[in-house]
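Listed below are the structures to be examined.
Below, chain A partners chain B and then partners chain C, in two separate complexes.
Presenting the complex of A and B:
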């Protein structure tokens, strides 16, 4: 068992609770920084591209996590904000704006537009908000087609390469640079996110999640705070969308579809609602499943000569996993990890109901 | 000097008159109690002060502000803090975080400085934590500081809610049934705290309470309500012996012949 003796307010304020934790995260950072070395050694960067994809999903996931996991507002429309960020980025780059300006700008504008779209629906709660954002998600593809001059419509649009002070970055020709760029954005956003959670802004978000009436009685302006959360969330999704465009190289009206929105929500539920870690764990699961299915398929085909070609297998598997998590581990993968860690930290004093919740996460979960 | 002035306030829910032309004042440094049977309109008055409900008529003034011109989230800024009858804490957060939310009205840093955790944000954070530690010390919550609300017993939650209200450093504290569900010892603690809040911190207290022992122990003036109407105002003893109050609680003594058929 470890005891943290609190001798100053900094103990609670600083990012890492104790030295061991800081060491583990330093090791993790070293690991992710050194990952490309392995792919350089084997000379095949295909899997690194997949890892970069996971990081991009995690960035979008962090955006949704802030909104759903920390502010308690479900959204089934985050692919829309990704699309906004992606197409804004393409158009800025096409107009000759340097990437270093175009990228953050497209995220911010996606955030502002997202908030403007969201303001009328922010008065809705729980399942109604989910439905309104779902409608938004369904419309996204059509809007991409309508806005053909900017989006290329059904034919799609090619995403220009990234150019930072003369350094060309392309997913295929320079996968290592692209990986480091995405990693940098992800780490920066994690830092921002952590800062939010240890300051009044983040606390006002969680206050709204847990009790709106109480939040108001403490002087928190619901509409403004929810709009702020939506803005930050949509900005992160917009940034992820812009990176996703660079990663895909070519985007059409079907890229940011409803499935993407649902995948994002699924991701954060599997990862663990209300934890930054959850966005990353969820992204890893969502990133691994298609690869695992493909590998499993080829394994079955080559070893046992069994060919499984069921359309929609991935979606069915996703759905199955989601149902499994909601039933057996509502706190997600990170929650499971927390329980395992607590078990060993408190050994032998762990109790089964230590993580039991008295209230459900979203107000709509409650049986009225 | 009067801090809170409620003048001739009426609130209707459809055809039901929940509060009927009630006037009252809470003076500075006073403990004022509202008593009455269930459905008398006590909590409704609280919810009007908190601006969760809009009265149909009348005026509510606090410390020079017209509360009816303000929204619910502006009320704490004037210096009014409250607790709820059915505890409304932030369940997925620790005691410390709950109390820190109580400091929201003293927030000075904006979104940007929060995101980059500027030196200002850091200094503000330390200030908030100092203030919260004082409340933790006052209410003896040290043992629960880092515990999640979800795992705390009812009595402790009641104290945490009081602490969250105190953390905002209010001028007026609205306590909605502070002793409901508490044991005898816990109720006694609550009485001591309310006294200390009044005498040492100089905070005026307005409370709704059914426990007449607590009411007589701490409150200066008591108002009895029934069916949204004022029955009597005075000291606890005066109100308890007032015929209208006794009638509201115990009935008139005339037993209705048809009453027995009611289930």
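Presenting the complex of A and C:
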């Protein structure tokens, strides 16, 4: 058992709770930095590309996590912000803007546009936000077709390579550089996110999630805080979209569809709502499931001569896992890990209901 | 004449959207939960009826099959709440939204596995029959849709405002804790309203499948019905119908007189506009929480 004696209020909001935790994260950092060495050794970078894809998903997941996990607002339209970021990035690069400026700029503009769309709905109940973002997500593909001069419409648009001070980065020809670039962005965002949660702004997000009424009683401006959260969230999604474009190499009107928005939402729930780790765990699961299904299929076909080829199996399986998580482990994978860790840390004093959440009774905000 | 014909087929379509929207609004009014799988409920109801009626499946008499499938869907809705959603009681709205989306995927998959992904239409005794009057040709199916929808909306409106159970449902959503104190069995009321909304979904499904072919992805129509419910004002029964009618009318008119591609965008564009300028919908029932 470890005892952390709190001698000042700062202890509560320190980045790392104790030295051992900091050591573990340093080791993790070393591991992710050293990962490409393994692929250099085996001389095949295919899997590294998949890992990079997972990192990009995790960046988008962090964006949605801030909004849904920490502010408690559901969004079914984050693929739209990814699309905005991606197409803005393509157009800036096409106009000759250097990547180092185009990339953050496209994220910021995606954030501003997203906030402008969401602002009127943010005053209402969360369900309306879900609806508005759902509508936005459905319209995305159509708008991409309408805005053909900038997006290439149905034919699609090729994404130019990244050029940072003369260093050319491409997903296929220089997978290692691309991995490090994405990793750098991801770590930067985690650092920002982690620090944000320690600031008054970040703490007011959590206050709004837990109780809007108490948050307001504490003097938090609900609409402004929600809008801030939405802006940061959409910006992260826009950045992820820009990177996603570089990773895909070619985007069409069907790339950023409703399924992608929903996948993002499912991802953070499986990973664990309200934890930054959750975005990464969820992204790993989303990355693994299609591979696992394909492998399972070929295993059944070769060993038992059973051919399963039912359309929609993948999304149904995904949905089933999700339902299982929501019913039996609402805190997601990270919550499960937290429980296991607490069990051993407190051994033998762990109690069954330690993580039980308080139930709330609903009250409508409608007039009847 | 052409225009009137267009309006009438739009009305019939709008009524189906309205019926699906009625299903959500019922649930929303009584439990404050939003069922994103309502469209898939409708699709399932249609397929259950097809399973009872069509000759390649059970081949029952249509008029026997319809009440049977309504009962089956009512039981499905009741059990859905009893088996799954009841465990979510007291959890955040967001998890319920995500849960119902996931259930929609599963229902779609199950329907595809049982009844195949081929578009199928319901064999009704009134298929292809018309009512002709003064140059107008009205399909019996379309007229039936309009009549049934109007009747159902009126019935539910009265049910909520006049009956004891309806009042109990309103109470359960207005303040769960207070409802408990008044001796209302909130959880059973929730199951009951889910059963009711399953029945409405079955009716919508039967009407929709008698008008044209359906396949498992028809459930995605639910999203349009969502737009309908939000345009009308979430939580208002006549609003749901009105929203459905607006969308049903706008679609054919936009595809006829507007530039290509507009008809797909129009419903959602209206939804976004309504949410921006009149966020509560036409029959707005929301007010800002005051502290």
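Criterion: the second predicted complex is superposed on the first by the 349 of 368 C-alpha atoms of A that agree within 3 Å, B and C clash if a C-alpha of one lies under 4 Å from a C-alpha of the other, contacts with A are read in each partner's own complex, and residues count from 1 in each chain.
Following the convention adopted for this analysis, a contact is a pair of C-beta atoms (placed from the backbone, for glycine too) under 8 Å apart; a residue touches a chain by one contact, two chains touch by 3 or more.
Note that this is a predicted model, so its numbers are computed, not measured.
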First, second, both or neither for A:135, with chain B first and chain C second: second
Which superposed partner A:211 touches (first chain B, second chain C, both, neither): first
Partner chain(s) touched by A:203 [first = chain B, second = chain C, both, neither]: first
Contacts of A:322 with chain B and chain C, given as first, second, both or neither: second
Chain B versus chain C as contact partner of A:86, first or second or both or neither: neither
Which of chain B and chain C A:236 touches, first, second, both or neither: neither
Chain B versus chain C as contact partner of A:13, first or second or both or neither: first
Touching partner for A:262 - first (chain B), second (chain C), both, neither: second
Set intersection of chain A contacts, chain C complex versus chain B complex: 213, 216-217, 357, 359, 361
Contact footprint of chain A on chain C as seen in their complex: 28, 32, 34, 84, 87-95, 97-99, 101-106, 108-110, 112-113, 117, 170, 173-177, 180, 216, 223, 226-227, 230, 234-235, 261, 264-265, 268-269, 271-272, 275-277, 279-280, 285-289, 291
Partner chain B, residues of chain A touching it in the complex: 9, 12-13, 192, 195-196, 198-204, 206-207, 209-211, 213-222, 228, 274, 354, 356-359, 361
Complex interface listing, chain B residues touching chain A: 50, 52, 71-77, 81-82, 84, 88-93, 96-97, 100-105, 107, 109, 111, 114-117, 121-122, 124-126, 128-130, 150-151, 164, 168
Residues of chain A touching chain C in the complex: 68, 72, 74, 76, 117, 120-121, 123-128, 130-132, 134-136, 138-139, 142, 145-146, 212-213, 216-217, 262, 265-266, 269, 273, 310-313, 315-316, 318-320, 322-323, 326-327, 330, 357, 359-368
